[in-house]
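Let me give you the structure first, and then I'll get to my questions.
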Amino acid sequence: MKHVVSQHVRFGDVDGAGIVYYPRFFNYFHVAFEEFFGRVAGVPYDQMLYKERVGFPTVHVETDFGVPLRHGDAIDVEMTVSRIGKSSFVSTYRVLRGGKLCARAEITTATVNLDRMEAIPIPDRYRAALEKIREDTSS
Amino acid sequence: MKHVVSQHVRFGDVDGAGIVYYPRFFNYFHVAFEEFFGRVAGVPYDQMLYKERVGFPTVHVETDFGVPLRHGDAIDVEMTVSRIGKSSFVSTYRVLRGGKLCARAEITTATVNLDRMEAIPIPDRYRAALEKIREDTSS
Amino acid sequence: MKHVVSQHVRFGDVDGAGIVYYPRFFNYFHVAFEEFFGRVAGVPYDQMLYKERVGFPTVHVETDFGVPLRHGDAIDVEMTVSRIGKSSFVSTYRVLRGGKLCARAEITTATVNLDRMEAIPIPDRYRAALEKIREDTSS
Amino acid sequence: MKHVVSQHVRFGDVDGAGIVYYPRFFNYFHVAFEEFFGRVAGVPYDQMLYKERVGFPTVHVETDFGVPLRHGDAIDVEMTVSRIGKSSFVSTYRVLRGGKLCARAEITTATVNLDRMEAIPIPDRYRAALEKIREDTSS
């Protein structure tokens, strides 16, 4: 199963060179991440945070930017998971425009209790959801 | 007394038309507002929020945009106060580039206790600081 | 006819007080504005800008913020038009959460040729689209 | 020589968990990058872009986030360079709060002519400036 969120490059997303200001790619990734919880895990991201007090801080990011994006571009952001540990996991985000890969990120995420800001095991429900979008083979 | 904060238009502040994306003017205003607390009131904005639990939500905004700004522009954001009520006040922000007025905003701000999100009187210390940057005459 | 764009308050949209950082309301308004061109006028906003070189700089903003929004809130942003002049118009944005009005803005927009940055009459196609979402009575 | 830019975590920089929304770290890095041109190379970033038509798109990013930052934190962003090639270079950004390392990024940057969006050799002036902040040893 793939988790894909379609987005648009907005008027305010570009920089002085007329292409997407690269920090905003991380917004696109994060929107896909937020939607994952409601759509795949069945718990909206905000409920998980504020009721269950489960948080997922980003601890490591590796990103390749290949094709610059411009205002008006329609993109698909695909999220898959390549590794699931006890309390952290690695997810991959691919940004596609017209089916062409424009950027790709691997993001390592920890799991914490937000009140204590301490690592906790990934709760079963979210672990099962992460398994659903696990890649068959590494890429 | 005038409270002025010098800022730069950053590479990521512009839009697809090559000028500052207008929502980002409100960031420039807010940076001046944040600095007001540490510099004029003697209490850093974050301390006031998190220790005193005093917050200043924005309730009304009126803004005129006259001259478009571009990446690299050096601007001065002047903050003055035109009206101080029991629990709200009106502040004015002028964005100047090379002394020329480019944008002007009047912003009405309430005062609340952040735990209860209820209106409270402006605490004396902040009222005194607002008086320091009060305009002599309306403009 | 009403033009309505449903949006979500994102994880990164809030501020240190836990509510939407008010400058980001203007992003919500602008997303509705951008979508208006593709959906109502039949010309995507980016095509109008980059092919026709027609731009719509914001010249005046009046906004009331009534109800604070929080991460996870589902909102509808309604755009209507209250006044259409020769080369400028006034549009109104209402932010509703569960049908309840949370914020309301009136935004005056000029029409320019982006190459010369000079005022031009509103092109007929866009004027007709603005008429489609004109309010019956002022509110 | 070190290139260091002091910054503040702003009210609008945090997320629903009350810590800096991680995409905004890339703004902090980019502000240091922009300042490098004016301060170390002697050519303001905007002049280089718009007059010389030299651009520096980001092609690869690796970042470790160690310590979460909060609104009000005063940070130093240190920029050094670890590798300088013919038309690309690798710079390192360290975010320090009270001398403690909170985040660290390695960013690979290409050099292009902005009109043709084609790779060009790093111009001598900027190569010399990059050499000035080159690390003595890899870290």
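When the chains are written out, they are named A, B, C and D in that same order, and each has its own residue count from 1.
The rule is short, and it goes like this: contacts are C-beta pairs under 8 Å (C-beta built on N, C-alpha and C of every residue); 3 or more make two chains touch, one makes a residue touch a chain.
As the structure is a prediction and not an experimental result, all values here were calculated from the model.
Summarising the inter-chain layout, the chain whose CA centre lies farthest from the centre of chain B is A. Between chain A and chain B, two chains of identical sequence, the interface residue sets overlap for the most part, with shared numbers making up over half of the total.
When the C-beta contacts at A-D and at B-D are tallied, the pair with the greater total is A-D. Separating the CA-averaged centres of chain B and chain D is a span of 28 Å. Our note on geometry: chain A versus chain B, Cα centroid distance of 34 Å, whole angstroms. Centroid to centroid, with C-alpha atoms defining each point, chain A and chain D lie 23 Å apart. Within chain D, the positions touching two or more other chains are listed as 11-12, 16-17, 21, 23-24, 27, 30, 46, 49-50, 71-72. Taken in their complex, chain C has these residues touching chain A: 10-12, 27, 30-31, 34, 44-47, 49-50, 70-72.
The residues of chain C lying in touch with chain D in their complex are 11-12, 14-18, 21, 23-24, 71-72.
Chain contact summary for the complex, chain B toward chain C: residues 16-17, 19, 21-24, 26-27, 30, 46, 49-50, 55, 57-66, 68, 114, 117.
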